[in-house]
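Here's the structure we're looking at; comments come further down.
Chain IDs A, B and C follow the sequence of writing; residue 1 opens each chain.
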Amino acid sequence: MSWNRKHLLDIESLTAAEIFTVLDTARAFKAVGERAIKKVPALRGKTVVNLFIEPSTRTRISFELAAQRLTADIVNFSADASSFKKGETLKDTARNLEALNADFIIIRHSASGAPHFLSRVVNAHIINAGDGAHEHPTQALLDTFTIREKKGKVAGLNVTILGDILYSRVARSNIWALTKLGANVTLCGPATLVPRTFEQMGCRVTHDVEEAIRDADIINLLRIQHERQRQTMFPGIGEYTTLFGLTKARLARTKPDALIMHPGPINRGVEIDSDIADSGRSLILEQVTNGLAVRMAVLFLVNGGQGPHGVTVG
Amino acid sequence: MSWNRKHLLDIESLTAAEIFTVLDTARAFKAVGERAIKKVPALRGKTVVNLFIEPSTRTRISFELAAQRLTADIVNFSADASSFKKGETLKDTARNLEALNADFIIIRHSASGAPHFLSRVVNAHIINAGDGAHEHPTQALLDTFTIREKKGKVAGLNVTILGDILYSRVARSNIWALTKLGANVTLCGPATLVPRTFEQMGCRVTHDVEEAIRDADIINLLRIQHERQRQTMFPGIGEYTTLFGLTKARLARTKPDALIMHPGPINRGVEIDSDIADSGRSLILEQVTNGLAVRMAVLFLVNGGQGPHGVTVG
Amino acid sequence: MSWNRKHLLDIESLTAAEIFTVLDTARAFKAVGERAIKKVPALRGKTVVNLFIEPSTRTRISFELAAQRLTADIVNFSADASSFKKGETLKDTARNLEALNADFIIIRHSASGAPHFLSRVVNAHIINAGDGAHEHPTQALLDTFTIREKKGKVAGLNVTILGDILYSRVARSNIWALTKLGANVTLCGPATLVPRTFEQMGCRVTHDVEEAIRDADIINLLRIQHERQRQTMFPGIGEYTTLFGLTKARLARTKPDALIMHPGPINRGVEIDSDIADSGRSLILEQVTNGLAVRMAVLFLVNGGQGPHGVTVG
């Protein structure tokens, strides 16, 4: 067991042992979610603030439920980044939350580095819930947890991430986690969005979807952002589906036990065929369930919890 | 005692015995609201999601308080129906909530049938908090509870519902509940909004307000939707008040013990004279109080509670 | 110990003894915030509604945390004042909340007197969280708490309030609290915004900032509302900073132990130099911490708590 961190800011700085500690702890918490009474008193009397400067109902709710199941108090602070332009800084907001005795600040922000910045200016535990195009560490942890649960291991697996890699914090955090745990990571998507520079992170880069999926054990599809379709770098939605969408024909050319992941919410018929999303090959909903367990584990560990053996399950 | 349902989707499919079970259970929970400590542990460790795809602060808060008083955890998920057009379906949202171990999904949606649809695609308990122009079952249950509490019975009473019946889910659910319990239901309002086809539901239809209120024991006034006044089917607001508003002059021509109901929020001086709304003849605020008790009862019963004798009041 | 009030509507009607009771009670609750488990069961099973008809994330969160730490249930009801124009009145909304067994209604409203009005139409405890340009009593109580904690007393201190006094409910509540407790209050700012009529409240009025700060023990800077800068009465932001901003040069001409306060959120570089805000002379963040304790004390006392000796700290 290995965890001495006060914050969860990114995957890049974690060791493989630390990642495994989160995954092992999450396994214990996943069992809590299956009980009739889904609560443990681990964070009773602690205060968690969801500081979401970029909107995200689903991630916000996942963290909110994770905090409730640990018996913490939680308040939601949602704001437009624009509302901070009136003279107040992010630092001031965070210090105000600290002055309210917030024990944890879960931050989502459109600016890369916002969580790291907060960790330097306040004493609360900071958890990165997605910062710009930088990292989304709990997403990578829940993805890795899901892979390990299904495949029994991560090392040696062929994992393909397909989509807009360049602007994806999900991709970036997954690349860090997977390579640290010894998986073989392949990135694929339009050439403008999957530059060769990612090879420096230890990945294989290809723009040929058939080659990318052929030997994959896991295919992780990123969400196509409709907002981006007007950008010149991005092909039209229809063209994307034709070139990179996971259709039934393509799925038939993957290994029979290859499994499909997606961080959600999915665009049915765009990056993924609707039937595939609902099939036994899809791990999409298990990812959601595991996300809750992973977020409980992260809150528990940064608070000084002792790993799975120390999980209070009363 | 009679309740074996997993969901509350509508009134139409309930039996009179089931309706009475809800009303009896609500009576026990109403007493909880009058205590110094207004909580019972019946749903401790359960997760309730308020999925409101159509805005409604008042109904949302009523369900939120009902869940809190049963010691459940609750999260609010509010969204525009439009936000679902970006590729995610209602089914996907509900399955995501289920993957988060939501035990109850309380849904309000502008589309009729949305709760029934959810009950087929997820395992959580579904409670209809209003779907399109179809049904609003907890409103009918609280209305029926209020009538029974005040009049000692429902069977044989003359209940007049006055207003825009055609587009009203409140009216539709009330008609089902009242006719099942043996009340004589009269519908009244502008001819364009109260078509004769409602006679097939076992109601009397009249467009003469004097005739509608003369023998009524209960007069249930529907809220006039200002948004609708531009529609060709609807007279002007002033004209509506003249033709169908409950004025003091009209109230004087009702039975002396006729009581006035309204689902709220009221438009003072439009469908109801302001003084009448505040008078002893008005049950409007008692309806609100009873709504909380009825919603506690519904959450309790769909969870497998055993009726009022099984209410845990610790 | 002196407290028999059901509501906290303003500072104007409080006695000095009552103010001291709040401050003493808050001292006990401040200690709760420093514990590992920051909760006391004083309001278990009570329902608190945050009725915010004017937006304020920070004050709303402070009250929300205060209620949670007292183990109350809390729901947020936020609305535009405009949404009340559709026919529903504030009175109706409040009576609906009362019908939902709300024990406390915390109201922020753009109309002066809204809390007093509510206290006459419902039975719930009403707490004023800011009403128009009238009062913001918990802000004055937390400011007074902070002054007393740092200086050991309030009586005899020279307190200067600097800024837009005319439209400031913070200023008005502070003037009442400070004069009742025997402080010498000086008001300063642009002549259009600090009229001589405030002398009738027992204050000294000056438009000379040097004179205002020279002998001050406490300098309380009000937030400059950017929205107001287009008004003819208000100088430009730059001009305001030049004429009235607390710069390092000006701070050097104050007493060495003069302390700086601000209700937040601050405009760095406008009403206050950024370095001063972060310096040991600034009490800004302590005010935030004390606000939580003061709000816990207010909720506790209006509920009939017996002052600090009665604080249940289990």
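Criterion: contacts are C-beta pairs under 8 Å (C-beta built on N, C-alpha and C of every residue); 3 or more make two chains touch, one makes a residue touch a chain.
Small disclaimer: the values here were computed from a predicted structure and weren't measured.
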- request: Please state whether the interface between subunit B and subunit C is built from the same residues or different ones, using more than half shared residue numbers as the mark of same.
  value: different
Query: Fitting the CA atoms of subunit A to subunit C, what rotation angle results, rounded to the nearest 5 degrees?
result: 120
Message: Roughly how far is subunit B from subunit C, centre to centre by C-alpha average, rounded to an integer in Å?
response: 40
Junction residues of subunit B - those touching two or more other chains: none
Field: subunit A to subunit C touching residues, read off their complex
entry: 44-47, 49, 73, 75, 77, 79, 86-89, 92-93, 95-96, 98-101
- prompt: Tell me, which parts of subunit A touch subunit B in their complex?
  reply: 33-39, 57-58, 61-62, 64-65, 68-69, 226, 264-268, 270, 285-289, 292
